[in-house]
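We call the chains A, B, C and D, going by the order they appear; numbering starts again at 1 in every chain.
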Amino acid sequence: MPAIPAARTCEPGPLQRRYRDVRALSEALAAPLSDADATVQSMEDASPAKWHLAHISWFFETFILRDHVPGYSLYDERFPFLFNSYYEAEGARHTRARRGMVTRPTLGEVLAYRAHVDVAMMDALPDLPEDVRALAELGCHHEEQHQELMLTDMLHLFAQNPVEPTIWPGERKVPVDLPGQIGWIEHGGGQVEIGHDGTGFAFDCEGPRHTELLHPHAIADRTITNSEWAAFIADGGYRDPRHWLSDGWAWVQANGIDAPLYWERRDDVWTRFGLDGRRPIDPAAPVTHVSFFEADAYASWAGCRLPTEFEWEHAASAHDASGGNQLDRAGPVEPRPARGGPAFFGDVWEWTGSAYRPYPGFQPAEGAVGEYNGKFMSGQFVLKGGSCATPRGHARACYRNFFYPHQRWQFTGVRLAKDI
Amino acid sequence: MPAIPAARTCEPGPLQRRYRDVRALSEALAAPLSDADATVQSMEDASPAKWHLAHISWFFETFILRDHVPGYSLYDERFPFLFNSYYEAEGARHTRARRGMVTRPTLGEVLAYRAHVDVAMMDALPDLPEDVRALAELGCHHEEQHQELMLTDMLHLFAQNPVEPTIWPGERKVPVDLPGQIGWIEHGGGQVEIGHDGTGFAFDCEGPRHTELLHPHAIADRTITNSEWAAFIADGGYRDPRHWLSDGWAWVQANGIDAPLYWERRDDVWTRFGLDGRRPIDPAAPVTHVSFFEADAYASWAGCRLPTEFEWEHAASAHDASGGNQLDRAGPVEPRPARGGPAFFGDVWEWTGSAYRPYPGFQPAEGAVGEYNGKFMSGQFVLKGGSCATPRGHARACYRNFFYPHQRWQFTGVRLAKDI
Amino acid sequence: MPAIPAARTCEPGPLQRRYRDVRALSEALAAPLSDADATVQSMEDASPAKWHLAHISWFFETFILRDHVPGYSLYDERFPFLFNSYYEAEGARHTRARRGMVTRPTLGEVLAYRAHVDVAMMDALPDLPEDVRALAELGCHHEEQHQELMLTDMLHLFAQNPVEPTIWPGERKVPVDLPGQIGWIEHGGGQVEIGHDGTGFAFDCEGPRHTELLHPHAIADRTITNSEWAAFIADGGYRDPRHWLSDGWAWVQANGIDAPLYWERRDDVWTRFGLDGRRPIDPAAPVTHVSFFEADAYASWAGCRLPTEFEWEHAASAHDASGGNQLDRAGPVEPRPARGGPAFFGDVWEWTGSAYRPYPGFQPAEGAVGEYNGKFMSGQFVLKGGSCATPRGHARACYRNFFYPHQRWQFTGVRLAKDI
Amino acid sequence: MPAIPAARTCEPGPLQRRYRDVRALSEALAAPLSDADATVQSMEDASPAKWHLAHISWFFETFILRDHVPGYSLYDERFPFLFNSYYEAEGARHTRARRGMVTRPTLGEVLAYRAHVDVAMMDALPDLPEDVRALAELGCHHEEQHQELMLTDMLHLFAQNPVEPTIWPGERKVPVDLPGQIGWIEHGGGQVEIGHDGTGFAFDCEGPRHTELLHPHAIADRTITNSEWAAFIADGGYRDPRHWLSDGWAWVQANGIDAPLYWERRDDVWTRFGLDGRRPIDPAAPVTHVSFFEADAYASWAGCRLPTEFEWEHAASAHDASGGNQLDRAGPVEPRPARGGPAFFGDVWEWTGSAYRPYPGFQPAEGAVGEYNGKFMSGQFVLKGGSCATPRGHARACYRNFFYPHQRWQFTGVRLAKDI
């Protein structure tokens, strides 16, 4: 991992420190990867780690160094074509489905590209005008998003390998008591404020802050555990169409789905594959790697429903968004059994019943950066809370994550709600 | 077309008359079809007219005659397998994608099946208990839905035929002046009541009635016309990714979309195919056969957005749901130029920006009939208003139609809205 | 069925009689079909009966009436686009995979087209020059080919229908003793003459006549029976990859093949679907509806191989090509138990081990008709002999039928051979 | 690259030297590859270089060390599952299409596996009985086949990368005069001996030696050049269906084929991509990377045909199979302009018009090794001669290479023939 040099001043400023720390974590996550591990693409939804490492550098190079630093010249004229993700306004780009064909530049060459961008960024940061510093801050949050994707994409790749490699050896788990019955946090309904209140960073889709009307409901004080999920399986949950949305049932049938992703039944025990290899599931830990379709079917089976994103956000806003099991350093992340009272952040992203659509008054930002979130507002559902793979500090109550209802390679889980 | 016999009493009751009229319209719609026209399936989304005619009879036979009329025996033991649509609780059924393989029973045999069911239904209706009469009413509304589908599926089938048959010769159109500028109906925001208020029939998904909070907005007093759409095309609307949702742009690229369905440029004139053959588009008439993706892109291009289903419902609730250009009899239905003031019903189903999801407190009905609407609540968008192919009387302000965002073989159009 | 009028002379000449008889049989085969039966396309390999009926008329209309009869004008300008099969030189044509979308013209309209062509042909035939009469003869053989395809395509269509319609009620079968052991016809090798010797009609691919060198071998005196095939199944023949070509094994796996097409195990009995409905297999009759892959696997399992097309032709040339179970009239054709000595014609087309490639000196005919056979000379295998669905008189020892190795909706069967 | 240790005796025997040399060349070919280059799979037809390197070691480990060397234990129990190619009798194996997912073991670990096998093989070779030594010889030829595949698969992979990496920098080419007109080698027909005569090694499919009957013909004394191919393109060869087999035309249309693989028109010049990067085509060199369909279309356009495998073998049998442009060492292989008289070996594999089918009397070897060639005998065509990527010494006149008619990522070219 290339060291990021200090800038001209002896003491880096807060944005420099922030930049340096974010960049360092990305490289720490990639540290155990071989050149091939970092290059292969395991499915179209996922990207190679090398691509993530390069793409986020391209983001800084393009929107800050190229656009706002006089005299900067591109590190490699071919990289924008290779490492643009989906910014139409930035011109032609390599097909997403073919990202795994790019064996050159190598992982080493991409790390050198990162180092080059880092030097230029650390040098430029102190003098950038405020609006460009805001872009740099956006770039750091953008990189944090890709850190989580790197972890989930790595996991998916290793899961395709019949030898099931162990990337980070995990610690021996100490058995923990199952959590007690779900407690219900009730709300009598009424108008609440939703969305980013303007303090600190947020993505465009989290605003404008506005009023929403809640209806009377109760929301669970914890998420569903692996042992509860195993009971759903044992009760035939995956074989009874009455629990399932029509699209979900078609997905179950077409793909032979009968358990969460990475679960396998071996010697009459449910196991899961993780970045620490294959192990028995932890009955007390939150279930993860379930799709919206599965989450919705579970809720239906349990006589409940999923919370709306507004119910969730209102309930969570009293809790500490930086607490819980989130990503602090490179290692074998995994949801862990809960301790203590109600928790809304960490472990798993929680599917809500809300389709990902714009808030009243939403306007995408101008220019290429404005393609950021608005154009994905069809067909996806909102997830809230943050997971064990979310860099600590990245999540907040108003954060809106979103995925398609069949996707489940992220650390996704389930919290129940019900009308009262 | 088999005559539906009067029941024992000289004077049929209102439900008997309702049943008789609905059934007669279905057969009138199918009257110009050959046996083959009624049998072929043009795509998986569409069904053969013969299947529609049989399926709706199966609905009455199954949920009323079989379940509630002692001594009734099935007309043909093989028909439930053939003509169940998607009711999982009713057992195995023929694959949707293979409906067009069923050349036997013939159209004539299906009409005989209808006649048999009609005799039994007319006989049974007077004596049915109230809850079963409600099922019969549901069956009539269900059949009206299939009447609209029959028209749109027929149109799609004939559009696949290189000879472009004319099913119903249309009248010569008298040119009409283009409508004036869009007028905007403003609303200052606040709580409104949404959903079915319990008066008259409604599908389960239209309730429960509940409060929604509107934000300040304006909604257009008419839909977008063909001439306005042609301007969108001429301005490169289909070639500029900035207007499009990401999924929509992928759909445009993958399918080479460059105009509404059934439009073709011939001798420098935009034409459309309809049940009266191929003709030039009518510049003053509402554009139709556009997908949600196209509707959303148009709105973006126009600097507006689509209305939410709640904005639409509130604005429309002051208008007559049985007015406008809706289906009264068999013939070459088509959107027509508007006359007079604001209209919210007829001509085209209007895409809203609302994903089709359950209302607060929604509970599917028990039993097989309960599969009716709830299980489709993922991935689809709500449409409001009713079209030229909607049987008059079927629509209401709280009606929630729904389709996937790429679908456009229904009579679907666009009304703009904007934040104020 | 429209009567074909006699031409000007009281006594039709031989070619007129030939034409009339061929045309009448096609219509007799279609007689039990509904308009929908004749219109639906059950898979891309098959065509609707209506299309067959029209296409073969288009062949006469195009290559004889249009090209050689002054003053003839096309019956319908749209038909060449609809009913050209694959003659690139004849211009654009409707996509093969979409033939089933053409509900109009109706079956009745196509029969009227046939009648129109028949009048013009019967009128023109007596005065045509010799080379054009040869084209008419070609057209008759072409129509005979389509008669067989009509039968096999009808069977395939009805087999897709869950109600399994019976098109022609069959007679009750009288059980017949199983045939005895296979007898072997030995040949010591040496040069033999192969291909059409110039007497009577042949397709271009059957020549030029030339010398081939046979190696010492023995060829079976009959084909494999259903009971022998059932033994192959019972021995696990479909589950053991050692018997199969690699492409064949992939086809078995991908399609879940475990028996001949149309076979189903019901109540512990093997049944097959035919034009007379579903019935138990006849143990003594030749097996049919097996692919080349299956035929080759059976031969491998039996310790033998398939004959080459040259071995077959040489052995068969001493036998009467117009004998055996071939098509004489409309009805439920099916392979029947053999009687008497060695038979090489009728019942089933026999897969050979020879790829369908040109003979030494082969030259396609000039012009569009020259597209007839030569362009199919890759990827297919030669079949010999003629089936129960081959119009009697159509087959000859030098006839080369050809299909892809996975296809099995024709009446295809197996004769063994071995090296000696 | 691990050194292969000498065995116990000071002087390695001929088979040891043969083994050592073959193994060394494989590793030299892989030397410029990064771990990722060696791991990614560019299409299902191709395999990663790492897989090739491991698979061929698995072959020696399985069929020699495991089966015939007492006390040998498998290097890694997981490798047989990963590195078996298609030997059904050897049990379950990793799906071919997913070979690129195996990032672990790394390239380095596979090289260690090779070294381990090499030590055991060098040790065992002197004492093996004759039939096992024959297996070792088979293994060497098998490895040579994979050497050629490694080169063509590497080329295909790098061609997918938008940056078009250069693996081996090539030398500057000296322009060479175009070859003169094709000369024709005539043969009056008659019986000739075909197949392996028992001297030296051959694969099972090259025998038994037997008599074939040639018909009078002429065969070209050289292959078609790039400049001749450019004339075919310029004459619209790819746009005129008359030249093409039906399957070939469908392939051209479906894939937008308009030039050989790796050709691109840049600045009005035809260029090709090779292991030395993208360069202008060499007009005097043999055309390569054309499919059978293209070869056949070219021959048709030229008024000729492709030779049969027997015509080719007979003509070539007088020539030195170890001459010409074949593989001697690692480097940027490419067809080169011919010099001197007729040449039949090297530069390009030459498509014949012969389907790949068994010779009279062919019997696959017993056991797993017997799956070697026989099971591929459907759907493929024979190629003769050897290419610039064929290890010198591997080719012989009776060698039968085979590929599907659409495949063209091998170094495949065209020699014409004609009837006389």
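Here is the rule we go by: contacts are C-beta pairs under 8 Å (C-beta built on N, C-alpha and C of every residue); 3 or more make two chains touch, one makes a residue touch a chain.
A quick map from chain label to UniProt name: A, B, C, D = Ergothioneine biosynthesis protein EgtB.
It should be emphasised that the depicted structure is a prediction, and the values quoted were computed from it without experimental measurement.
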Checklist entry - Touching chain A and chain D alike: which chains? => result none
Item to check | CA centroid of chain C to CA centroid of chain D, Å | outcome: 39
Checklist entry - Between chain B and chain D, what is the gap in Å from one C-alpha centre to the other? => result 59
Checklist entry - Residues of chain D touching 2+ other chains? => result none
Next on the checklist: Chain contact topology under the given definition, line, ring, star, complete or other?
Outcome noted: ring
Checklist outcome for this item: Touching pairs here come out as A-B, A-D, B-C, C-D
Next on the checklist: For a test of understanding, state which residues of chain D touch chain C in their complex under the given definition.
Outcome noted: 86, 88-89, 191, 210-213, 215, 217, 241-242, 244-249, 292-293, 296, 305, 353-355, 357-358, 360-361, 375-379, 381, 405, 419
Next on the checklist: Residue numbers of chain A touching chain D in their complex, please.
Outcome noted: 34-40, 42, 78, 81-82, 94, 98, 100-107, 157-158, 160-163, 165
